[in-house]
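Just below sit the structures, each encoded as structure tokens.
There are two complexes below, and they share subunit A, which is joined by subunit B in the first and by subunit C in the second.
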Partner chain A sequence: MAASAVTAVRGWSGLLLGVRSVVLRLPGLTQVRWSRYGPEYQDPQIDKGYYRKPLAALTEEEKYERELRKTQVIKAAPATRTSSVFEDPVISKFTNMMMKGGNKILARSLMTQTLEAVKRKQFEKYHAASPEEQATIERNPYTIFHQALKNCEPVIGLVSILKGGHFYQVPVPLADRRRRFLAMKWMITECREKKHRRMLMPEKLSQELLEAFHNRGPVIKRKHDTHKMAEANRALAHYRWW
Partner chain B sequence: MAALRVSCGAAASYRLFLGGRVSFARGQGLWKAAAAKPQRSPGCQILRLRHTTVVTTRKNVAVLRRETYTVDFIKKQIEEFNIGKRHLANMMGEDPETFTQEDIDRAIAYLFPSGLFEKRARPIMKHPEEIFPKQRAIQWGEDGRPFHFLFYTGKQSYYSLMHEAYGKLLDVENRQDQLRAKGLFSEKTKAKDPIGSRWLIKEELEEMLVEKLSDQDYAQFIRLLERLSALPCDAAEEEFVGRFRRSVTIQSKKQLIEPLQYDEKGVAFSTGQGNRKTAKAKVAVYDHGSGRIEVNGVDYLLYFPVTQDRASVGSQRIRVGI
Partner chain C sequence: MLKGMTRLISSVHKLDPGRFLHIGTQAPQCLAAHLDNQVATESPRAISRTSENDPAKHGEQHEGQHYNISFQDLKTVFSHGLPPRFVMQVKTFNEACLMVRRPALELLHYLKNTNFAHPAVRYVFYGEKGTGKTLSLCHSIHFCAKQDWLILHIPDAHLWVKNCRDLLQSTYNKQRFDQPLEASTWLKNFKTANEHFLSQIKVQEKYVWNKRESTEKGSPLGEVVEQGIMRVRNATDAVGIVLKELKRQSSSGIFRLLVAVDGVNALWGRTTLKREDKSPIAPEELAFIYNLRKMVKNDWQGGAIVLTVSQTGSLFKPRKAYLPQELLGKEGFDALDPFIPILVSNYNPKEFESCIHYYLENNWLQHEKAHTEEGKKELLFLSNRNPGQLERLCAYL
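== the complex of A and B ==
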């Protein structure tokens, strides 16, 4: 049968599927961060392969899902989600985290300069190396970037829990998205704070990315410090209640 | 300064006026106002406290009871509505027999133009069933005995509905058993209906039954209906299940598609508009084109300095398939 019971359309007041009206919870404060879309709005499907698939190649579930999507309201796609082959979600997220004051143009140019610097350094090494070593040198800046961030992800995290008037650092398992976030955050903080005044961000960032790719450098050290701290505080693990 | 003494049940307020005169406040709230009259020198503005008292007594806060509308009252309202509808049709010069609700809405909007932002505050003329909330008639007779046998469950309409639905389920299963006994039963699975309808939501069911339901009650009822609809039913049962389904609109049908326009060379084209903050955009897409996209006469790759904007325009081309 069609749409299941409890996930049925929830919009009341005449079943108007519309933008959620602003509700002021506190006087003098407006919600600025919350989405203006109601819960019934679905995320847009940007992937062009989804639409190019011939009708015969679809399974029953996929056909059903497409019929269902025809009846659902869809959010507008943000300008950052293009169907471009050059778009990478990890790079986009990292660029947004580097951005200050909404200056996306600057953040994006820094990112491209970083990737270019990484590529140049690797090519210099490649041309200076012997043929046996050349096979081991990775030159694609995107793979270096992804691998470096993956190497920086912590396995376990620490959380401040208040107990008996004191804050304790309790080891806690982390969700994947939290780990990815921490890796990027540490990388950016490290590059902003620990560089020489005259050194530019792309240069420092490319340096750190290459070091992280080879599992050395300050960001990897910070990850290991977190792990050691978690190991040292493992007696406090029972303070966690979730 | 004036001493403030507020007696219980009274409220006093004061306002600051420029060059106002002092007035002695009287009433339940006791105020000692500044005594002397102000000396007004020409060309000088003096600030004076002007005391006024707003006398309010404690409100008789009656028990807020929901207004009960009797059946006679609703009937009278319906008669008045029907007569009013005919008068309105006469006024607008239309045929009273074929005067629909949309015509009423249009007539009211014409006769009582309102600029209020809140649409619900504007004048409306609708059937009393839509305006007055549905209420239950008295559930018991003069001797105090309730009419419905499930009255003491507290949710008589809900439980009687469940009872009815389960009865129908048992009938269907009995029929299947009989067919199986005769050997005429064929195992044909019901075809999964394409999406065109959905179950009632909890609020709609509550409105239908004029009773408050819990989430579990609602979920239980929907589960029962789904079980019933999964089995091969005949027309009466389908009709019963259909009462609890609502149609779902396909969102693309809500889009207004303008007909194609033709320019002087006979090439078909279509226009569209959009805006964002104070920016406005008009687009014209031509048939048998070269694939070029121009913005204000300049190619889009040259117009936008930011790569992201170029990519977002170019991606529209990819998505459309040009």
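== the complex of A and C ==
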């Protein structure tokens, strides 16, 4: 009786529209990350300007696109995406990576305190500098953050490949999103591990971000070490098959 | 036009005296206000600052504008009074600018018209969190310092009833407790604020500290303060002596006394301090609180008492409480009754614009979207025009 109930439920789940149950089963390949939305689901449109445009200002294509959207199914917008003018996807991703145990409030407050610390340090430098130097000092914490992470992105990465019973570190090109992920991951790990017990995260992070912005510091060093390892192991590049 | 102005003033005077009036407008000042308004509309870029740095001359025409406090005043008068975030802002901007707001203007008007023969009037600033009670208090302290009053400023009474590492049994009265560290720091700050008065005021009684040290009758108050700073064990008693002498001599007319206490609801609340046998200590068993309660009673002449009730830092009070009755409790309210309550509320639209303008002038809002109308509307929505919240929001934008 219980077994028949289970098979009945499994039958129902396939009937739910758009929910992906079993897509592809290749031997040796397991899907690690997938979304429960099928391919026909469209991304939500968060931009306020899109909805505020008056009907008269729309071109034919835009009118067609709006009519089309009325027939399509749309994914639910995640709670973290807002229509705020101050929203930044890079900052949101970094905050999520800093979060531990789902404590988004703490992660977000650490992020805002870091940005404030960066700003105050730069203002101090600005007031202490001569007028010629003042033009070169960047005070916007967001530009510093973006530039620092861009400076930390590695160009080429290493992957462990199993061949003949041994693991070799093979140089491999990285996708954009992998590079951004590595930059953020290295920054967060560096700030968590290599700080004094009593030093707080915003202070350490602001220090590291400013150093990375000027292309010096431990995270940049780690990027250069990765590049050097890749250069040293370039004979193993043939082990890559993709 | 002048006849129109005088008619306006006479109609203002007919209003019932129960309401808070700004009666200080006379015809020439009204004219000046009219002209100033014209100037303000002509150059809208200059609305956030005023060049009038003397609080005595602040009037309704300066409402919403920031005035500069000189570094000299910061070091002497405000060595211990300002909120910590404001101190950070002063350090970052290299200038101390305070906004002139209606509650502070009201209080300044009352202080200008105090009758020093009558007992000291108590004024209480109250309001929700982050609305600017402490800074309004600091504005009035600045005014009194410029008018050469003696300032007795307790920056945060809550700090005395919690987190005290060393509590000594009081030497003067065995039932009470001393707090040497806090008392000595307070005495140091009091000394920097009122340097010139300490040599003028003479002690009217002989005080014996221990077998070897005593202060003779007629010696300047500075000696008592020095004794408290050097002998940390006697610091709380020194504070008590200072309070007693000032209260006794304020009605003589040599000086005018301003008692300013921030977070006065700490005097009648509960403490988190415990004795060695883990039994709780009531506030009146702390010598400093006991003497301070005597100070805020209105049985002396020759000055004014300006107080603030705040929930931040208070103990065992709900977060949403902001009214004096809720925060002071029955005992505190009865002790302070009668007082003049002054509500400090969020920014009005003009003040909000002025604040944003001030931040933009100092390049504090670095986010590119913060300069746009959309950004301003979003800041207004997120902060609900609360000054504290707006400051925290603009800090990371």
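Everything below uses one rule, namely that the second predicted complex is superposed on the first by the 194 of 242 C-alpha atoms of A that agree within 3 Å, B and C clash if a C-alpha of one lies under 4 Å from a C-alpha of the other, contacts with A are read in each partner's own complex, and residues count from 1 in each chain.
Note that a residue touches a chain if its C-beta (ideal position, glycine included) is under 8 Å from a C-beta of that chain, and two chains touch if they have at least 3 such contacts.
Predicted, not measured: the structure shown is a model, and the values here were computed from it.
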Most subunit A residues touched (candidates subunit B, subunit C): B
Touching partner for A:Glu124 - first (subunit B), second (subunit C), both, neither: second
Which superposed partner A:His214 touches (first subunit B, second subunit C, both, neither): neither
Which of subunit B and subunit C A:Tyr64 touches, first, second, both or neither: first
Touching partner for A:Leu115 - first (subunit B), second (subunit C), both, neither: second
Subunit B versus subunit C as contact partner of A:Ser84, first or second or both or neither: both
First, second, both or neither for A:Tyr51, with subunit B first and subunit C second: first
Touched partner set for A:Val73, first subunit B, second subunit C, both or neither: first
Contacts of A:Ile105 with subunit B and subunit C, given as first, second, both or neither: first
Partner chain(s) touched by A:Tyr142 [first = subunit B, second = subunit C, both, neither]: second
Residues of subunit A at both interfaces, subunit B in one complex, subunit C in the other: 84, 86
Complex contacts: residues of subunit A adjacent to subunit B: 1-6, 8-10, 12, 48, 51, 60, 64, 67-68, 70-74, 79-80, 82-84, 86-87, 104-105, 108
Partner subunit C, residues of subunit A touching it in the complex: 84-86, 112-113, 115-116, 119-120, 123-124, 127, 139-142
Subunit B residues touching subunit A - in the complex, by the definition given at the top: 192-201, 203, 218-219, 222-223, 226, 229-230, 248-252, 306-309, 311-312, 314-315, 318-319
Subunit C - residues contacting subunit A, complex: 88, 91-94, 363, 366-370, 372, 374-375, 378, 395-397
